[in-house]
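Below, subunit A partners subunit B and then partners subunit C, in two separate complexes.
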Partner chain A sequence: MSLGRTRAVTLEGVRGRVVEVEADIGSGLPKMVLVGLPDTSLNESKDRCRAAVINSGETWPNRRVTVALSPASLPKSGSQYDLAIALAVLAAAGAVPAEPIRDAVLLGELALDGRLRAVPGVLPATLAAAQAGCRRVMVPEVNATEAGVVDGISVVAVRSLAHAVALLRGEEPPDDPPVEPLATTENLSWQGEDRWSGLDFADVRGQPAARRCVEVAAAGGHHLFLEGPPGAGKTMLAERLPGLLPDLEPEASLEVSAVHSIAGVLPADAPLVTRPPFLDPHHTASIAAIVGGGSRIIRPGAMSLAHRGVLFLDEAPEFACHVLEALRQPLERGSICIGRAERSATFPAHFVLVLAANPCPCGLDFGKDARCECTQAAKRRYKDRVSGPVRDRIDIYRKVEPVRRHEVRDELGGVEGTSVVASRVAAARARQQQRYSGTPWRVNGEVPGPALRATWPVHATGAAWLEEHLAAGHISARGADRALRLAWTVADLRGDDRPMLDHVKIAYALRLSEPLPAAWPTDLPLAAEVA
Partner chain B sequence: MGSSATAARTALGRYGEDVAARHLVESGMTVLARNWRCDLGEIDIVARRGDVLAVVEVKTRATTNFGSPLEGVTPRKAARLRRLAARWLAEHPVKPAEVRIDVIGVVIPHRGAPQVDHVQAVA
Partner chain C sequence: MLTLVPDGSHERTARLALSLLAEPGDPRVADDVRRRGPVAVLDTWSTQIAAGEDAGYRSGDCVAARETAERLLESPQPAGPRWVCPGDAEWPGGLDDLDEVAPVQRRGGAPLGLWVHGPRQLAAVVTRSVALVGSRASTTYGSQVAGDLAAESADRDISVVSGAAHGIDSAAHRGALAVDGVTVAVLACGVDVAYPRGHESLLRRIAEDGVVASELPPGATPTRLRFLSRNRIIAALATGTVVVEAALRSGSLNTANWAGGLGRTVMGVPGPVTSSTSAGVHRLIRDGGAELVTSGTDIAESIAPLGSDTATWVEGEHRLVDDLQGADRVVLEALTVGVARSAVEVAAAARLNVEVTEPALGRLLLAGLAERTGDGWRLSRQAPLALRSH
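Let's turn to the complex of A and B:
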């Protein structure tokens, strides 16, 4: 038999497509032809496979070898096809049984000595294989835990080509060294991966209003803008927001892990991301770093890595304008579509956005006796850097002032920690999930204004009060919609069935950075008692 | 020394061509010509069986340390073999239905029998 056939996966964004790999050994001078729109990295696979096969003690056929990757019109790139190509050729040569690999999906890059190397994107590739009806994948050993996350598919972990050949022939596998994991930037991180693990909400002193804003943002998935002078605690607050979010649901966890797998940042020992990610790119980040990009292999950017988590842009006005403008599509759609000449990719990008900014370029324009010396024009320029359309999509706006001594004294020992607030957030999220079951939305922050007004209206007293402020021009129509969403989150945090006047008032204050009532919803009398 | 090495290579090549010719005869072909030359170059063997004419290039090596002898036939050489085949047909009154370019790789180890690898229709 001179035909070998197996399968591999090509990735477009987070979606994988199963690719059939066929090898034919025909009459002709020794030569290897690879057809099916391979790019350079894939074309080099010819030489890697040949060297790996020979150095694994197998014979490379001294004939014309044609390898076809189909669908032929789909451009393919990357090195993850090596294992499939090498084994398809060996199957065509009759060196390994053809039947076991015919319907399996094989992934992995080969080293010249026949060792397998780890590849990115094994999780989404395995998902695609399972959806295409494959029952078996063969992956580099180090990626096996990642592939094992997918249900209904058996994972064969291999260390080298010789190992794979021995398994297929039913022989004793050789004792090869383990596969090395992908080198990621995390290996170089001096702060370690647990940088955020020890953070507690109780670390933040004072700032009762800002703390509540963070709590509401976490509960309803609302975007948050924090404005305040240096040292007011904006960064501290933002870093503690992910800790308030509940663990990712299984489906969300797979989505997030798939994105991280493609970016190659998924640790080998923890193949599933179970906690909401937190990304805080520096303000010098390029648009490709934030949005994602690359010419042939399109990689996800920070906003996709923050999917189902928190994207924190500290010193937001310092970011390049086009980077900030690029936030508009994901804020609207929950995904980002990146187009390049050869292909386009869509990545999920559904995150809670937290922007932090100084009140003015010098940062001192706050309080009654402001020492700021910035000109009006400079202040205006600074503020305008975060454009109207982006501001418009942010629900909560809060001015943060440096903590005063009496605030710290007042609350000695009485600050709520992460666990207390997180349990409130979890309860509020559970209520929302129940309310929005059967809809595409999960949290209040996602529900469009018209749907909210039509299906889940607030109490008439609250609506009338908001209408007055709208008529007086205190709040825009879009702002009023935002306030309605916030009112629902406030009600959910408190456990009320429907937002009343009090909730709408709090929402209005959250929206416009007005002083919050001292009594938080949990302290207020229950709606039933008022009525 | 240089000339003796060249002589040794020539002798190896001749021996390889003999082995290849024997292989062709054993497989039922008739050798029509050997070492036919023209201004384009040389054809090692022209052989025929029925309606099929084969223009055969023979590559001989003593070891496979530097790759199989078949790999010594470059695409350029294969293209020249096509032109040589056309020239040979033009100059001989043979009208075969099918013309094939074959390459025979011969490995002649220091000990043991020569190994013959016959690839048909390469160009």
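Let's turn to the complex of A and C:
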């Protein structure tokens, strides 16, 4: 028999499609042909496979070898097909049994000496294989933990082509050295547990109002805009937001891990991202880095890597305009679609957005004796860089002033740490989950305005009060909707069953950077105490 | 040798005994004590209580109260609270002013004495002091401003007096403590009672570094009436009273009311005009009952004897153009950035004579605001920058 057949997976965004890999050895001059819309990186697979097979001590057929990847009309790229191609050829040549690999999915890139290198996207590829009814995957050893996360599929970890061949023939596997993982991930920013594990909310001194805003943003999944001079603590506050979020639920964890797997930033020893990621791209980052993209392989950007976590854009007005405008789609839909001439990919991008900005280009326009020297026009230009449509999608707006000397030294203020605030956030999220069970939404920030008003209206007094401000033009219609969502989060944080007038007032203040109750939501004065 | 002046220790004991029998801040008691002296009043009460007469404002056993008072005064705890009353060196004279004003809500009169706890001398501490009062349900803005004002006042050696309640009060105490300033807490309960409970550590800190005072005996618990009585003491102790945030029916307006009645300086901090938490302060300022203050400097000026401490105003930014006189200014406005114009054209644009315009252009040239190009004049390149500020 001169036909070998196995399977591999191609990825479009986070969705994978099982691809059939067939190898035929026919008469003709020694040559290898790869059909099925391979791109350059995939075409190079021919040479890698040939060298790897020979260097593994096997024989490369000295005839015409045709390898077809189907569906043939689907463009394919990447190096993860190497193992499938090499084994299909060997099966066609009768060097390995054809039956065991026929229904298995094989993934991995071959080195010229036959070592099997790690590839990105093993987790979503394995998910796709499982969904397609496949029972077994063969993956590079370094990716095995990642693939092992998926239920209902058995993972065969191999170090090299010779290892794979030995397993198929039922021989003793060779003693190959272990292969390096894809990337050293120690300094990658989304590794919440490492870089941000030492941060505590108690490190933030003063800023009672901004602290509340961060807490509300965490509890209800609301987007936050912090405006203040350099050194006011905007970054400190934003960095401590992920710590307030609960661990990712299993389903969300899988989604996040899949995205990170495609980006190749999933550590080999921790295949599941369990903590909400935190991404803080620099303002010089390109649109492809933030939105995602690339010409051949479409890779997820910071927006997608921040999925189910926090995306923090410091110095937001310094980002390129089209980067900021690109926020609109994920803010609206929770996903981002990247279109290229040949293909398009959709990545999830559901994050809590935190924008930070200076009050003006020089950063000194704050307080009662402002020393700012910016012209009015320069200030307006700076403010307009974050456009109205993007601003409109931000729930909480807060001006932050530098912390005062007495606030830094105040030891009696009882500053709450991450664990205290996080437990309030968790309780508030539990209430929301219960309320929204059976709906596609999880937190107040996700619920569309019409659904909120129809199914979960706030108390009539609060609604009427908000209506007055809407009529007076103090708040836009979209802003009023955002205020209603915030009112629910305020009620959830306090453990109240339904937002009343007071909750709506607090929500309004959150939206417009007005003073908040100092004692909320803890330490409320006793009603009996009258001064 | 016999002395004709009343025995000081008898008087102190009598005042303390009376304070154990009557509710503090009762104007009838204060009035009686002022006219007849505490010893005579206590004698009368003994007789009346023995005869079963009820005056309606006292209760208890006169003999027991006198014994308790004697015991408390004879064996004071070394680090505990002390009884301070009129005639003592530590007695702040300002409290006696309370006898001169009419009662408010049936509370009034100078206190019989005060229980004082803390290392500092009350009279010395309050000679230059400000009461910072306001809503217990304060906003983040109010608490922050209260802290700022307290810290800035403390920096100017002004003691901060307040009531140790939630909200503005605690922010004020904490602001003063954070910059190692002196602060006085006047309570509506015994000086040893931690109320509100969450402020136990705050009160302990104040008793360590400042003064905790109350006209109620140790162990007494707060009541609504006692808060009202306490407010008059805060107002009388401090040189001036600042209301930071108060709703229209806030207890801190009662304190401001007392301060006004006592002839003390009443000050108010404005908030957003849309905020109900500041509505009471805004009413107070609008009615002319309070001076508007925004900083410790303002407070220092307001509470200082006339003319002795003048606040330096934070001026709006100074612009070069502010110094220009008459024609110069008009001519400057007539100049344009790009196109140069002849003196005649400039004069026409400025609606001035050429004779006036030419010297003005010369002066603007010297000031670096105008520029000469060939036979024309235009605004110098530096002018927009120079006009903004310097």
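For the reader, a short list of remarks on this structure follows.
Note that the second predicted complex is superposed on the first by the 505 of 531 C-alpha atoms of A that agree within 3 Å, B and C clash if a C-alpha of one lies under 4 Å from a C-alpha of the other, contacts with A are read in each partner's own complex, and residues count from 1 in each chain.
Everything below uses one rule, namely that a contact is a pair of C-beta atoms (placed from the backbone, for glycine too) under 8 Å apart; a residue touches a chain by one contact, two chains touch by 3 or more.
This one's a predicted model, so the numbers in the text were calculated from it and none came from an experiment.
By the document's definition of touching, of the two partners only subunit C reaches A:212; subunit B does not. When both complexes are overlaid on chain A, the residue A:274 reaches neither subunit B nor subunit C. Greater residue coverage of subunit A by touch, when subunit B is weighed against subunit C, goes to C.
Contacts of A:368 after superposition on the shared chain: subunit C is touched, whereas subunit B is not. With both structures placed on the common chain, the touch criterion links A:62 to subunit B but leaves subunit C unconnected. Contact with subunit B, but none with subunit C, is seen for A:29 once the two complexes are overlaid on the shared chain. Applying the stated contact rule after C-alpha superposition, one finds that A:387 touches neither subunit B nor subunit C. Those residues of subunit A that touch subunit C in the complex are listed here as 206, 208-209, 212, 368-369, 373, 375, 404-414, 514-519, 523-526, 529-531. Against subunit B, in their complex, subunit A makes its touches with residues 27-30, 62-63.
Residue ranges of subunit B in contact with subunit A, taken from their complex: 68, 70-71, 73, 75, 78, 103, 105, 117, 119-123.
Looking at the complex, you find that subunit C touches subunit A at residues 136-144, 147-148, 150-151, 163, 165-167, 170-171, 174-175, 177-179, 188, 196, 198, 201-202, 205, 222, 224, 227, 231, 250-252, 271-272, 274-275, 277, 294-295, 314, 388-389.
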